[in-house]
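Every chain is named by a letter (A, B, C, D, E, F, G, H, I, J, K and L) in the order it is written, and numbering of its residues begins at 1.
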């Protein structure tokens, strides 16, 4: 963590993103959606990876994220 | 999960509801209170069940919930 | 545990039951459905309590259970 | 927590109560039994919900509680 | 979850799939193998991601899944 | 918990505070920052204690908190 | 894991075995009972060690196991 | 659990026993010591297995147990 | 652990202490209160750190401890 | 696990790898870096998946691994 | 813990030992192997007990340990 | 985390530090001891806070840390 960020207070947000393609894509979808209203997101942590199955194949991946952003940015 | 809901991004909210009567009633109280400001709640998960005791009897139940709602509805 | 049951080997099954009414009713629904094919169920443990929300109210409860039954009965 | 309770030291007791009827009733049975010898119980937390099955139906619920009471009351 | 699925009882199965290529591919391999004998699989949850190493490189990924399917379909 | 607070619904917020001095100071920094926009905070729980190291010494402590506040105050 | 086993899909079974003698004997009893119907068991993991007490002495040990076996053997 | 035991309220006690010989012997030592003052112990659960090392060899095993006993026996 | 302590059986007690000042002071308050009735306490482990908030500032810290003491001292 | 590997003692190392591209690539980067000094790595387990966010997009993935290698190879 | 050991800093090592015979023997094998290069080991904690199965019988036990040793001895 | 640090691979070390004075001091003691042989430590995480009791008072605090350092610095 760079010096300039060290005195921030972070708030943690919990999101679920989904994707037909990959776990990484589900993460990106959640973060790009949240970026519409929250500017200073800094990190994420994956807390759950799930998905839905249709006709015996993976229909989509669904990833739960905790996302930290600075309150004072 | 129905097809129409599959591409949503969910946000997860954490609430504590209470009731003199039952665990189910504490869940309902938390959700009906949250429904005043959040419209598209879809699911909940109970993460803790506690309560208060007075004079040797259960005074009320207190249930912690994670509640998922769609960001884009 | 009574003496006669002590030398059994148990198998553990994981089920999810649901109910519009209560957590207890969701447990009973899962067990009565499993009782159609498994005879010697002895105990259960609740591992997760979830539910679905529609129009700002609890639509149904959904309870995950581990159920133990004797293999040699 | 009210001001008068803030300087207490609590001791935590672990109990298991049971009931044929409901999870709430199993909680109440454990607490009313403990109330015979412990006066200043203040709160409880459910740590496990189990039960016994007989003939394919729930015979009783069995709930494990951590119960806090003041040492100096 | 769509209305038609709400009254099902689910059974949860635990599987381990593997792949030389990716975590997603290991998930797909487990589910397509299970689809040979189980028809109504609805969702999965990843509970562990492991792998084997040979000569200092990842030889394959190995993913443990809990898979839910309807008992009454 | 005092009687007047018993029927509230709480919302839980997750924050990360930091301090060069102590764990307690990191907690206070997170809460005083949150107090700018949230009035009725009632309790907190520490869920993680981390920190950063520079030149072989602790540069600052970083504490993650869950904070409960009343929705209806 | 040997090369020949690498592409298998495993299913995980959960068992409880018991013994008057030792934890190891409880593990063996569960596995030898399961071996009557499942052929390609490969590994186990102990997830819980419990036991029963009679007249102030250990009556028997009771060990919960997750057991992995190949689906395609 | 036999019928006669079903309506008891249990209290859970936490103990640590040790032995130079084996894990089972550490369990027995804890329980036989507790049996001096508690009569109706019914079950135990191992929650931690530790030990001490001296001169590069295991000096003794140290096992933490939760022990349940009936309050009303 | 010194040789003389090695053959003891320990009992574990769970306490909650509080302090306006610091986490360490809350630990000390719980232990000095317990020392009034229990003599041979040997170690403690912090299992939860919480606190209460009033008017946007930390009112006091509340620390849950497991405390081990020898039964045979 | 092949017969020849069965009598080894393993040491477990904990690593964090990162990648701009994917979770799998972060795993590979950690293992190929460790392979410079450790020869007989056999398996890994993912214990945490995190990442950094810049300007509302995922900047890189950061994966924590436990890696087992034989001490006697 | 004896007074002379109280000011040490410990490092924790994670090992996996195996044995055809017993859990205790797997612990001893891991520690005696580590004793070849590490002198001041003081304690261990079992974090996982697994094993391999061949032809329907336990082939060997495999125990994961955290081992603490003094850095300054 | 600053850009320059982003491509590092970290190794995680587990340490236990102790202090008569405070939790923060126990953390500092562990890190300053490790700094004698490891240069590029970047962060720590507290995983356990314990302590020893003598004559009914806290004799010292003992804190377990996971410490991350760059392998390639």
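The rule is simple: a residue touches a chain if its C-beta (ideal position, glycine included) is under 8 Å from a C-beta of that chain, and two chains touch if they have at least 3 such contacts.
Keep in mind the model is a prediction, meaning the values are calculated, not measured.
The chains that touch subunit H as well as subunit L are I, K.
The most distant chain from subunit E is I, comparing centres defined as mean Cα coordinates.
Rotation angle relating subunit E to subunit H: 120°, from a CA superposition, given to the nearest 5.
Taking each chain's centre as the average of its CA atoms, subunit C and subunit L sit 44 Å apart.
Rounded to whole angstrom units, the spacing between the C-alpha centres of subunit H and subunit K is 22. Per-chain Cα centroids separate subunit E from subunit F by 38 Å.
Residues of subunit D in contact with two or more other chains: 1, 14, 22-23, 34, 43, 52. Put simply, subunit G touches subunit E in their complex at residues 1, 6-12, 14, 66, 68, 71-72.
Only residues 22-24, 27-28, 31-32, 34-35, 39, 41-46, 67 of subunit D touch subunit B when the two sit together in their complex.
Chain contact summary for the complex, subunit A toward subunit B: residues 13-18, 29-30, 33-34, 52, 59-60, 64. For subunit C in complex with subunit B, the residues that touch the partner chain are 22-23, 48-53, 56-58, 61.
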